Amino acid sequence: MAKYKETAIVLSQEQLSEDIFSMWIQTSRIAKEAVCGQFVSIYTKDGAKLLPRPISLCEVEADQIRIVYRIVGAGTKEFSTYQAGDSIEIMGPLGNGFPLKEKKAFLIGGGIGIPPMLQLAKSLKCEKQMVLGYRDAQLFLKEAFEPYGAVYVATEDGSVGTKGNVIDAIMANHLEADIIYACGPTPMLRALKQYAKEHEMECYISLEEKMACGIGACLACVCKSKEVDEHTHVHNKRICKDGPVFAAEEVEL
Amino acid sequence: MAKYKETAIVLSQEQLSEDIFSMWIQTSRIAKEAVCGQFVSIYTKDGAKLLPRPISLCEVEADQIRIVYRIVGAGTKEFSTYQAGDSIEIMGPLGNGFPLKEKKAFLIGGGIGIPPMLQLAKSLKCEKQMVLGYRDAQLFLKEAFEPYGAVYVATEDGSVGTKGNVIDAIMANHLEADIIYACGPTPMLRALKQYAKEHEMECYISLEEKMACGIGACLACVCKSKEVDEHTHVHNKRICKDGPVFAAEEVEL
Amino acid sequence: MLNTSVNLAGVQLKNPVMTASGTFGSGAEYSEFVDLNQLGAVVTKGVANIPWPGNPTPRIAETTGGMLNAIGLQNPGIDVFVKRDIPFLKQYDTKIIVNVCGKSTEDYLEVVERLADEPVDLLEINISCPNVKEGGIAFGQDPKAVEAITKAVKAKAKQPIIMKLSPNVTDITVMAKAAEAGGADVLSLINTLTGMKIDIQRQCFAIANKTGGLSGPAVKPIALRMVYQVANAVSIPIIGMGGIATAEDAIEFILAGATAVSIGTANFYNPYATIEVVEGIETYMKQHNCEDINQLIGIVK
Amino acid sequence: MLNTSVNLAGVQLKNPVMTASGTFGSGAEYSEFVDLNQLGAVVTKGVANIPWPGNPTPRIAETTGGMLNAIGLQNPGIDVFVKRDIPFLKQYDTKIIVNVCGKSTEDYLEVVERLADEPVDLLEINISCPNVKEGGIAFGQDPKAVEAITKAVKAKAKQPIIMKLSPNVTDITVMAKAAEAGGADVLSLINTLTGMKIDIQRQCFAIANKTGGLSGPAVKPIALRMVYQVANAVSIPIIGMGGIATAEDAIEFILAGATAVSIGTANFYNPYATIEVVEGIETYMKQHNCEDINQLIGIVK
């Protein structure tokens, strides 16, 4: 799969909740190659900030991509100021993406892990149930999922849906499936890996780590893997290149 | 005189020639205090570029200032992209300004030394002749001077006015005056200092040097002075604080 | 009640925020922007026994995230300083720290003795200026010389002494221990890192002195590492500096082991930087339910 | 006709632009962005005698104008490297420089011997990695050790050897002269400067290894100064690196005395950086009526 670094154009910027923004971006080449579960590296315009901000693809159209991101630092803050027409440096598409299997599926997103599930929901042709974990009643993107299947919500503060985490929501709603696709905080992924094992389900999870190159060259972004990795033969898989999506049993969390 | 660092607002941006731009800036406090011959420090928005870009005041209104600047590097390049409504970090007013004397005057500007002469032309109440030295036929700001007195032009390539430098234009037009106010490249200032001495004229020149603080604290921007300076007592005057305008005989060029 | 006050060798500062020598003059110019009463201390530009003219211009150059300077310790000499700068600073309720420079041990001692009866709180001995051939760096890169000059100064000084260390060394802890052994009361670090810039259009050095000292946010990671190393190698307090521009930066240094922090290059692009750091530290303490700043010093290990 | 080709110990490079070890893998990943045929040389990630797993994550952190890394020399070991990475690089018309790392002299020698009959043009011996306790830095900070390891490697190496120097030293020229005395054919500098970053919210180190190596534009002034110093202290060619991101940066190093330059951190934010530097150097030569790049080397004094 080819990768590009290009100067793309912001088509729209929308604030979805207090600290979550959505941007549609026009790309000349990246969108064409992209699949769900991949990500892009976004560069700030500030010469003092050199490293890419990896952001998952939330939606992919013919020549456009959508990203949904939370402001956590100066880089994402800068992105939130971009307006339609502004240029933006991006590299992508990066990483492997989700395997699309024809099995009854849970699509599970926790917090800012929710966005990449949207393109997956659109791409997966099988029966699926979306389980989304939020902090509170700011249910960003929830409506966007509704056309693609049943949506279940868990909130940390109990303001909407099940009080608790995504597994609480699965239990409370007596949900069942054959495969899990998930993205979210590590404790959630750890719990889902365990859940999948107990229920003998396939489980694919998308991981995060600090990145420098984003393409597999610098070895910054490794995670511990069960098998020796193909690159260094030392049980270190590169999240940017061998991931970000891994079969849960493949990696140690 | 009070100095401020403030977030000001760009009112307009205009391109005057190939590489020369003009910006009007709305300030809440700087314009009120400013006099001709002073300058402001302008900061880029790029966290990799820390130092101020000192730019002379070209015009000063009640709550607005005008700067006219040449693109020579990344900082001035950035400034040229600002549009009406953008915010801009500036500190000022800085430096001493021109002394306003009631004497028949030459106002002499060379290249990007021309802009500060405009507010001087507006402020000086006496008879004055403007002698402006340009590279070529791109006579930026020339018309702006015309309401205030006779304007004589020298161009390096001879395309307009006298071919040569500002002294050539003075000679060619048989001009005379009692006092010189000048800003421009060092060789021009050196020649004018000599010319003034020979003609027993008062002469005030505005100097340039790389600056860090802009307010006299860091001792980066010194020039050699004839008398011991008041700050360090070592013949080093600070251009940002004791200048940028000096009596020509006061400094060594 | 938030306690932000820290103690440097018996001198109690109302807060840990000071100015870095050479970036703040003797306070007069910046007093138009900041209320000096709100600073823990003002550290003056280096002062010698006699006036020094400094280096030719250009003396500074911008670099990515930092700057080079080769001012060359231009200063009016101790006489003018004592007459003009100390009385100016005495008007304010802040501690006065005088940075002392010299070309020989005798130079340093002369200044130190002249300051003995002045209302100065601490002396900072600059043995690390990379921009003057004899400006101290020779002292600052050799542990024996560090110990010797520290001993000599300590013997004469009426005020507690801060030894200012150079980062241009293989192992900063060796220098720190040498200064401690020589009797230093406090250490300050880092001075600037020797750097260079070339003007490729004119094919010449960007700074007349060829090399200059690198400072600003670019050097912060190096400074922080050195403060951490020294904090774990000596038992005297440390003033941390090098690229501090925000309260967040200052807190990194405090967590790494600095008792106080100095703001240098940041003043040039934000004349309010010192006060913003003072305020930001308080905000951080509130957010982290920390009542006494001394509880933060050196807790990251 | 523009001559951009330079000579490193008998190896003729089509241009002076190379990749900095560890930032470019063995070229495979970046070959999707740049035509490796257009580079003077590809320098590989450090390779040891056996696979090394490297350090725990987080391994990197961003800093102002730079980054910290503590990858810890993760590498597949010489066996996989020889089977996979050399054949990959042999497909291209560029020189192959293998960066060698080790924990002991024997480790280095084992790798050097294994490479003796491989189609490799030069060996770069990394005696300056600050991120592995035994990863060479101990060698790189002591002139006697530098000379000894250089001698030992030189005795076994079939290819000319480049000794890669650490900037974490008081006087880089001492190390450079030691390497020259030991028989080094070429020197490369600088490796990274040891730095630190603290996460003040979590009150812990930003990098699992506590310290990391600082690289990127932030360090360029230090690197340039060291290249200048070394160029004026030894008579073997120098590969300059440290913060080079543009042709302008590269030309600064060449004017200061570097025969070739390496691009490291810049690849991460501009995967086309190497090629842009190649092209920009040609543009500069045309503008300055320079027909042979060798006429630019070290002319600023």
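So that you can tell them apart, the chains are marked A, B, C and D in the order they are listed, and the count of residues begins at 1 in each.
By definition in this document, a contact is a pair of C-beta atoms (placed from the backbone, for glycine too) under 8 Å apart; a residue touches a chain by one contact, two chains touch by 3 or more.
Just so it is clear, the structure is predicted and the values come from calculations on it, not from any experiment.
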item: Touching both chain B and chain C (chains); value: A, D
item: Interchain contact steps from chain A to chain B (minimum; 1 if touching); value: 1
item: Remotest chain, chain B as reference, centres from CA atoms; value: A
item: Whole-Å gap separating chain B and chain D, where each centre is the average of the chain's CA atoms; value: 46
item: Distance from chain D to chain C - Cα centre to Cα centre, in angstrom; value: 34
item: Inter-centroid spacing, chain D versus chain A (mean Cα positions, whole Å); value: 35
item: Residue list for chain C, restricted to those that touch at least two other chains; value: 64-66, 216-217
item: Numbers and ranges of chain A residues touching at least 2 other chains; value: 47-49
item: Graph class of chain-chain contacts, one of line, ring, star, complete, other; value: complete
item: In the complex, chain D residues that touch chain A; value: 22-25, 29-30, 32-33, 45, 51-54, 57-62, 64-67, 69, 71, 74-77, 80, 216-217, 265, 267-272
item: Touch list for chain A against partner chain D, complex; value: 2-3, 5, 43, 47-52, 91, 209-223, 231-236, 241
item: Interfacial residue positions of chain C with respect to chain D in the complex; value: 63-66, 68, 141, 168-171, 193-198, 200, 203-205, 211-212, 214, 216-222, 224-225, 228, 243, 248, 251-252, 255-256, 284, 299-300
item: For the chain A and chain C complex, residues of the former touching the latter; value: 47-48
item: Interfacial residue positions of chain C with respect to chain A in the complex; value: 64-65, 217
